[in-house]
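There are structures below to look over.
In the two complexes that follow, chain A is the common piece, with chain B as its partner first and chain C second.
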Partner chain A sequence: MEIKRTIKYQADRVRGFGREVMSVPGCEKLKDCIQCGTCSGVCPLSIYMDFTPRQVMALTREDFKNEVLASHTIWLCASCYACTVECPREIRITDIMYELKQRAIHEGVYPKRFPIPVLAQEFTTMVRQHGRVSEGLLVTKLYLKTNPIAALGMAKLGMGLMKTGRFSLKQENIKQRADLARIVATVDNESVKA
Partner chain B sequence: MAMEKQNQEPRIGFYVCHCGTNIAGMVDCAEVAHHVGTLPNVVMSKDYKYMCSDPGQELIQKDIAAHGLNRVVVASCSPLLHEHTFRGAVEKGGLNPFFFHMVNIREHDSWVHTDRQEATEKAKALAQAAIGRVAHHKALETKRVDINPTTLVVGAGIAGIHTAMTIANAGKQVVLVEREPTIGGHMAKFDKTFPTLDCAACILTPKMSAAGAHENIRLLSYSEVTKVDGFVGNYKVTIKRKPRYIDEEACIGCQDCIPACVFKTPKFADEFNEGLGKRRPVYIPFPQATPQIVAIDPNVCLNFKKGENGDRVVSDKCKKTCVEACGDKDAIDFTQTERFEEIEVGAIVVATGFQTYDATRSPSYGYGRYDNVYTALEIERLVNASGPTGGHVVMRDGKSEPKSVGIIHCVGSRDKKTNAWCSRVCCMYSMKLAHLLKEHTNAEIYNFYIDVRTPGKGYEEFYGKLLEEGVHFIRGRVGEVTDWAMTPEEEGKLVIRVEDTLAGMVRRIPVDMVVLATGLEPQKDAQDVRRLFNMSCGSEGFFLERHPKLAPVNTFSDGIYIAGACQGPKDIPDTVAQAGAAAAEVLALIDKGYVEQEPNTAFILEDECSGCKSCIPLCPYTAILFDEKTDKAWINEALCKGCGTCVGSCPSGSIVQNLFEDQEIFSEIEGVLAYD
Partner chain C sequence: MRYGYFPGCSLKGTGRAYEESLLPVMQHLGVEMVELDDWSCCGATAYMAVDEGKACALAARNLALAEQGGFAQVMAPCSACYLVLNKTQHFMQDYPAMRRLVDKALGSVGLKVSNDTPVRHPLDILLNDVGLDAVKQKVTRPLKGLKVAPYYGCQIVRPYSTFDDQADPVSMDQLLQALGAEVIDWPLKTKCCGGSLTGTLPEAGLRLSYILLKEAKKRGADLIATVCPLCQFNLDGYHDKIEAKWEPVRVPTVYFSQLMGLAFGMPANRLGLQRGFIPMPSLPRAEAVAA
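And then the complex of A and B:
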């Protein structure tokens, strides 16, 4: 039996984390949370979560950044929005989950082989570079980066689909990629300023 | 003496109040006093810590004598709070109280500004305006209007009954109006009352029959108020008497007609039992109903059956056996129609109660979809010995008893999507039902709550008792009720999915029966009632009291009071306390015998009135009448509330309002504008 310290000292918190999250548009109402647990009660994925969605809300509000960003919960969220629909305080829980996921990716504390952060990164990289998502390529990259062995198992199906023209590894592009790059750069600059 | 003073040169005394630090903290009071002291007609100017205190008021009285003042201005708080106080002080000093004017430098100045210098300048400007205005004030007399000592009580639940009984016991006449065929309201449907568990009917029905039989109470059941005219002390109220197709004088309450009905078995959903029981077209809501008079439901009685073109065709299946059974009492009258009756009263108490939240609005709890999901009010009837099952708790199949029950708190309450407020009674009634269900069936009972709220005498102890009885309390708002089984033990059950927030885990709990603790909300026609009695509503739709702490049963309309759950969710003890308070307010009003009316009424300069009638439809109080003989309009002072609408509208400028005469207002404006 391994005995660990479970008590939390004030110094274990990252002061200001909760306030920062709650200042993001869409996340403000976290302040109103009454910890009723409806979000967990309706969440279909709460079966597998380490912290319940309600606990994630409480930990965020109380500045427990390290605990929240390391939690599986934010990565299990399938964004079905059931919690947001049912929340009696109209808290946009799904949006808060997205905010936490973004922060985890920026800080590099996400589970590296977990499909959701990988998908998010591959998706945005592809859009930035090519202006368009090529699903076949995206799915292939996702498999290779998260579970290459499973990708092998899917190879036969992939070949078959390719033959019938239903699956392609071709990267599609938009015409004015330079314009897109300028737009994205402007947005990036603005968000850095903000 | 007053007239003499009016003709003299104005000699104004000015006082600026510190209100502790409320004003002095943001306004330099000494500077304001100094500035005002330099204005024309001002004889003396002072600042003082608390003008409303006894020494403050005495100061005014002494100065009136010492300096020969004939006008007084006080710069302090809102006139709503202390205008009355200072007018009294001025009157005691020997002046007409309307030679006084008040300046609000607290709510309008010190409380809302953050710059001391600016706030001080504003106070000076406002004071200067008042000095300009008060010079033109005239002596006015407050008028007295007699009060009709009869009271109307609208709604005869426990609030209305208690109010009516209290007033009637004091020897005053009461008209008690109830829209249902019986009085008693929601309380009559309850089985037991928390936390003492005494039977609701045992404590209510004696009061019901006493109210029905009281010599000072005129009970109008199955009736509704449709129109209210007049003003405090003199209201004219129109009441619609709905046809119950029974001559109320002739019916003796023998109920022989009920079994005689051609419907041999009761067939129609019974409102009193929340639709769990059945009744015939001719019925009495429940055995102790008051008055003991049956009613006929024209929607289902064969005698009222409508033909295809909407005409009434008396079905040949109706043998009028009820009429036969009634015999020579001859109380059944199928020709009855709506009647309207006008009564005159001096005061009105609105006690129209609440309705429960419609559980079908929360679809995830399955009410109306799963048979064994009930509302709390249905359970009240189910556990009641005179209920549809005689007090046997059986599920909708009519046979099986539940072995486990889940009670879901806060259904429709504390939810911004439905009703944002806490309904106050659900925690306690849920625990009461938990106790009763356990007593009746020995089932496992689970309570699902967000917070247990037991603020009341003996309430926390009741919670303790329930814990000792082994009732489960799970802190978590239920996500959903489903019949989708994931494990063998869940087969054939209703599964409650909830986070046990104290344990920090999501749980699935299978139960046989689910009870929804539906919250309290305003009656669906509360807005109509509000308009009828000229009241206001809070954001939730409950009727608004004049002051949440100091005038909880008064409304903004004088002579109209509120009691019970129409003002906000409350339990029986609080309702009765409020009903008593409303009765006391009514008695204080009608025992005095008269009301004093502010003299800030409008009047018409007859010589200048052109008889254009443009003011008449604008008056919100229908106080302006037209004299056909002289071709002029005139204002009934007793009805005028001094709103000033007619004054502004008169094209010939022939309407004048006391305390708001042109000269007074222009001088006030000039005072502000002249300040720099």
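And then the complex of A and C:
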């Protein structure tokens, strides 16, 4: 058993993190959080989280960047928007989770056994290159990259999908792939400037 | 009634039974669905987790294509596509900086978006444009005696509820009743199915699908009706794993559009019903219904 300090000190904070997150579109209202815990109560996945959504809101606002970005919570969020709809302060909690995921991916600090960031990146790469997602191909790539052994456990499901005509390794493509690449590049350019 | 149809990636893949049933059903009701030329992925939830600006620009490309094609309205049957396209419109409206970014990105390839094309769900269109009376008139084989649990899932009513109640939606209930089915009362209409977590973190995700199936079974549902390709996949595809971990809860899950097709007298294999893992129960015989 690893002995760790469980109490957070002020010195653990990364100054300015909370303010930075709150400056992103959709995340402004985090400042209004009253820590009522409604989000944690309605979240169907909070029972698996290391920090509940309420705690993530408090930690983010108080600049505990390292704790929040390394948490399982942001990867367990399934984007069901129950918290966002129920929040009495109209905080868009799901969007804040998205923002935290983006920052964790950007800084490469996500828990290694969680395949969700890998899925997100394979997904965006496929869309950028081809314009569409070919589900069979995406899932196959994901398993080969993260957990080839678990792929064996999925073989039966894959065979079933093939039999019912729902699985294909063919890559779908749009015609205007050059346009799409240009749209993405323009956004990239602008973000760097900003 | 003419709509620019945005199928999204799933309706061409794992969710193709949704498209296979929706197209003939809508045509039967006089609704014209014209697939947007060269549509691209909506961005889904994965893109939002990587880059908001790109996610919006990619979604907005599709809105621009709809405008270019002269469509006054877009139909998006997949819940994730429906949410993302609506969310993009909200973002562009609420945040001028996002609007400028999207305008610039689309402008680089000569596209323009005025952001006033409503993106609508088939349920909304069926209830508010077509009307339940018109649906009823087409029913030749009422689904009498079939107990259905209407399952809406997350993303068509949350967070941008435009045509139904966020906590207790009723549009699909009304539609199923118009088809002659018996709608069971259950509290999990909008509870999350686990989304993509069933694949990425099954130890957490599968439990959510299990709870839905268990409750539907407990309340005597013959089947679950859904509006979302991911919900259908989750509730239909993992029964072996669910059974190994908990108990058998083999309630079939089909698209509402497949039930419409059956009630309109269309053959099951032309509605993609052969693509599910848990077979649909046989309908009461037509003569028995008439009697």
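Keep this in mind: the second predicted complex is superposed on the first by the 177 of 194 C-alpha atoms of A that agree within 3 Å, B and C clash if a C-alpha of one lies under 4 Å from a C-alpha of the other, contacts with A are read in each partner's own complex, and residues count from 1 in each chain.
The rule we apply is simple: a residue touches a chain if its C-beta (ideal position, glycine included) is under 8 Å from a C-beta of that chain, and two chains touch if they have at least 3 such contacts.
Since the model is a prediction, treat every value here as computed from it, not as a measurement.
When both complexes are superposed on chain A, chain B and chain C end up sitting side by side without clashing. Of the two partner chains placed around the shared chain by superposition, neither chain B nor chain C is touched by A:152. In the superposition on chain A, A:90 contacts chain B only, with no contact to chain C.
Contact with neither chain B nor chain C is seen for A:169 once the two complexes are overlaid on the shared chain. With both structures placed on the common chain, the touch criterion links A:55 to chain B but leaves chain C unconnected.
When the two structures are aligned on the shared chain, A:37 is found in touch with chain B, with no touch to chain C. Number of chain A residues touched is higher for C, counting chain B against chain C. The gap separating chain B from chain C in the superposed three-chain model is 7 Å, by closest C-alpha atoms.
Residue overlap on chain A between its contacts with chain B in one complex and with chain C in the other: absent. For chain A in complex with chain B, the residues that touch the partner chain are 34-43, 46-47, 51-52, 54-55, 86, 88-90. Note for the complex: chain B touches chain A at residues 364, 410, 414-417, 450-451, 475-480, 497-501, 504-506. Across the interface of their complex, chain A is touched by residues 9-10, 12-14, 16, 38-41, 43-54, 57-58, 61, 91, 94-95, 97-98, 101, 104-106, 108-109, 111, 154-155, 158-159, 166, 191-192, 194-197, 199-201, 203-205, 208, 237-238, 240, 274-277 of chain C. The residues of chain A lying in touch with chain C in their complex are 24-26, 44-45, 48, 75-76, 78-82, 84-85, 92, 94, 98-99, 101-102, 105, 114-117, 119-121, 123-124, 127, 131-136, 139, 156-157, 160-161, 164-168, 172, 174-176, 179-180, 182-188, 190-191.
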